[in-house]
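Listed after this line are the structures, all set down as structure tokens.
Okay, so subunit A shows up in both of these, paired with subunit B first and subunit C after.
The block that comes next holds the complex of A and B.
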């Protein structure tokens, strides 16, 4: 066999391990010290809870941490034993399975200590995904605690500014209600000044991330989609902390240095790909090496860009508007045409890709059934080939290695063969 | 100079030796059995024997198929999508669509004007519509696999099989047998079910002519006929369709060998 190449990961992304551990230990400490704990289902406004020192975490992020350690199985089985279909979101299966085991006092012994999150005092959700409300209601039933849901409407008209403003105001009003609820639960006045300080850190971090994005687009690639997937938590759940700001500064410096020294993610970059939708978290390391061995690099993708990516839109003096306006950046509440223009075409152009891979998770049908149309439009309007693969974000039983790998390899071969034949002709 | 292409499929391993003028020097095929590696090595030895060559006389070996990574003797590996496209285009220079139905999957490949794959689709989730499906059905009908095609041509009555899950379709066939349906009619229904499934994939990627069918199932005249009827287009089948992947692999081997 030909000698295989190696994948050069950006080392500082690995610092996330300490941030994750510290963050979840903080949640456990909150309960221990008598502070309230909130389980956030979906992409919630964590800064709202952080300002009041409420122990909080995102159930998806927690499920990713469990999956990345290969510990998801007993939780999924517990949820299935309780009657939940194996077709529901695998993040939800893992989280609900854990909730059931926690209630029974039977948390799996091999679960890392920091991931043994305590029971919630309330559950919060933002329904930017159709599963969120049901998931939050289920947790509320299991723990017999209140839940609060913020409804984010579909931004069905991409051009009507009034429609946009009305939707943001609608979300803002609900956030105001959520803050009243927090004041009731914590029996303390809301700390608006602290919220503004946190948003200022988020803004500062967004500036660093924006500069990092420019380096991220460098050709050849010095930081990949897979590196950014590992860093995602710092842009998402851990945002607004000094650790998160410091973390992105470290990554930025390292990537800048790599480019200056000519150290790139893979030694021989013959094709650049965009990844769309989430990815199998249990295969991040494997896939980064798999593509490297094929001389291909998955450079970018919308999923790992994370929230608050535009510092201009963050105004710490208008906290509720800033937080509410973050939600239209979620693809799940935008039209297909908007997603194609803003998330697919814009990123395909920025990253100078040769093809697009759509991941269609078996347990996330609501967010993946437009892939065929999106791919066809992209092919027609940008001439980019695309591939749809079926796997899953957090349930390894839906990842058939022979099937998925064969499709991915065939796609890379096809893209490289055509690209190189094309450049020879030119 | 000699190069070899070895297609390690789920049911059979096929191998082809080419010389530097792209002429076929020899072919070999053996059943895969439980070990792709052993079958691959055995098939390669058989190929060397038939060609009167020694291993060191072969400049480049490229493997393909599901077992392609299991063959230490090969210098490189590529997927069967690239190899079937390459092989089909060699045999039919104006091929625009390749249907490959092998032992455990079916795939449809669109080729651009230069003959490069521009898109492909594969069957999902189960073995429905593949060689393995036909093997199971032949067993239920108690006929030899190679008899399935000719048997179905004698069908006089239309019956249908609705499920494409191999296990459920087997139950349907058993109930058709219990209802005294002719084996000929059942065989045709099985072929039509495969044709319907594969034709959706063909339509998905454009169904441009000329359509070439490769892989072992292309030897089944019943499947080819039903596919032609469903698509309303002629399908061209090479004389040895099961060797097309190995041929493509051997051509890639020659290209790589020249580059070296």
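The block that comes next holds the complex of A and C.
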């Protein structure tokens, strides 16, 4: 008997596996070949390090890779043993736990070879999430290496252009200091030309991603939130490489072909949903099938759009300004009103959704705050139903399957019923 | 002596019902009242504008509305302030001022602004990395713009002279509080822990001139007071509780079980007054300098090599403490990050220490009692 295929993943998305492996092997290689290694806490300007061939990675991305393989437990336990509460960001618990184990020479044996990242020569962070500075400082103390934290202020006034410019300049000037630190650490003059080349690739990729965004909004859906979640790394950590450009081109071509041939993500699309803020990484495959079985598709969400999504804002000839201006695109440093307009209403309209699911991760305040208010405002101003679930981005112990799944199912059924009743009336 | 007890009872009454006090202050003085969220806000500027700055109290008995706007894993203080504001309990406030302290308090502004806004609502950014050269000019600009907006709301300009006077009055308050703390270090039996918290808490609520007057009265009479405690106990230094006062019953338990608090590094304690503002030609720069160069290590800031653990350890040694008790508020992530290193410092220095985690709704008194009992037993046996 033929097995029922409920969810049709975009195949080229899976090419990320090789990119991930190659990327982390590159970090290990950097150390082996005497190049410097930097651990980046939070979304950082990786291009700045790439230009100087510094081995680098994002601690969150690495933690996702660890959780996706189900290997997080011994690291979380190690962090807890050292006194870190299980209430701190689960990415941080995993990463700090690994750092402690690495220092003791006790990295878990089952950890995949490419994820055995070497000790850093320095730690870097841009604190779009206020805890990142403390996390980075903790790492620098464990390894006794310098750390550099770029302070990103809150963009608390959406209307005051001067406020915006002042904040960007503040970030930009700090980035300039970071470059000086890199020159000191690498004992080499900074390669600005290389940085501009990398930004040019990012811009080229952003153009492809922009075209892909149009297809992403197609109704019925030919590529979903979950596909884009898997592809996120290529827009984020692995950006600025020919591979990432090629990767997004492949996805674009495949999705275009799917639409032309009428191949869609799920066989029967009875409702479309928006996912708001991050998601349980350890459940991506599971959730894609879960919704498909309910004839629902989670189409899009701000979180998986990733950085540098607007090619117009990328100017390779003004690298530091471009990099500094990327950070206010993060929801964590914006007002609630701004987020409602740009990340909820705009996307709900673009993706033509029938409802919104808010995910509040138990160990992440920035991804959880104001969900109740945003949901109510969205309902009031756009008439969209919403659901808030509590789980976690990286600690499976906070995902209560019975509770979360029940609520998701009831919500989807309600949205479908509501939508079909409305269309009958019309 | 009567005076000391009288003054202390004024302070404890204010702490017991700060809202009642502030409402009547408003009725009597007719001043606009500006709520200052924790922490590091230049209250002096508000004082100089003729308005009254106050800490925003957040000790609601039961949080109902607050939990409809923030999940349970946001700290109790954040939820309690939202709760109180949305229920109208803080309606004596004309305005609210926020510093971008931590990611738990960040959404509180948005929620109040969307649901129950006050006439004046404003945030400021205080740099997180204080040691960065860009921090000072950036913060100076933030404070100058704040001054402009406060002047707008107060309907008057803040003159240099007024701001300098405000700094003077505030520094005087700091000096007087330091004197009380010095006295407590040598004669801790004179002031109960809950009383000391009330003294500082009242300073956060009252006009500083009034508080200064009462403090002087207290200093003149306290040595004659019949000691409420016996000084033959385990000398304790308290640290933590970064945004709100520690629970009275926790402080009482420490005394009941044989401890005596000799010094603290609490938000409603020495953290409030140790940061004296230098008197510079430009008073705005005085305020900037006080915060950018502050000697207090804070888990929400990167402040050179200043480490909270080392700081508290030094404080404990200076006050000849036998033990340190860390009061940790559940879901205070900044404190959660700072704790492991503190623990390491204390362990290496062989300084006995105990963590007491409190939670707004469900702090287990019995559990705390058992842990304190065992901890003190151990200290007695040393």
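Note that in this section the second predicted complex is superposed on the first by the 419 of 426 C-alpha atoms of A that agree within 3 Å, B and C clash if a C-alpha of one lies under 4 Å from a C-alpha of the other, contacts with A are read in each partner's own complex, and residues count from 1 in each chain.
The definition used in the following text is that contacts are C-beta pairs under 8 Å (C-beta built on N, C-alpha and C of every residue); 3 or more make two chains touch, one makes a residue touch a chain.
Computed from a prediction, not measured in an experiment: that's the story for all the values here.
In the superposed model, A:390 lies in contact with both subunit B and subunit C.
By the touch criterion defined above, A:417 reaches subunit B but does not reach subunit C. After overlaying the two complexes on the shared chain, residue contacts for A:368 are found with subunit C alone; subunit B is out of touch.
In the superposed pair of complexes, A:130 makes contact with subunit C only, with no contact to subunit B. Subunit A has more of its residues touched by C than by the other of subunit B and subunit C. Once the two complexes are overlaid on the shared chain, A:407 sits against subunit B while remaining clear of subunit C. On subunit A, the patch touched by subunit B and the patch touched by subunit C overlap at residues 390.
On subunit C, the positions that touch subunit A within their shared complex are 68-71, 73-74, 100, 102-104, 106-107, 109-111, 113-115, 123, 125, 127-129, 132-135, 138, 141, 299-300, 302, 330-331, 333-334, 336-341, 343-344. Those residues of subunit A that touch subunit B in the complex are listed here as 1-2, 385, 390, 402-403, 406-407, 409-411, 413-414, 417-418, 421.
Note for the complex: subunit B touches subunit A at residues 66, 72, 74-82, 112, 114, 116-120, 122, 124-125. Considering their complex, residues 82-85, 87-89, 127, 129-131, 133-135, 137-138, 141, 149-151, 153-154, 156, 166-167, 170, 173-174, 177, 332, 335-337, 360, 362-363, 365-366, 368-373, 377, 390 of subunit A touch subunit C.
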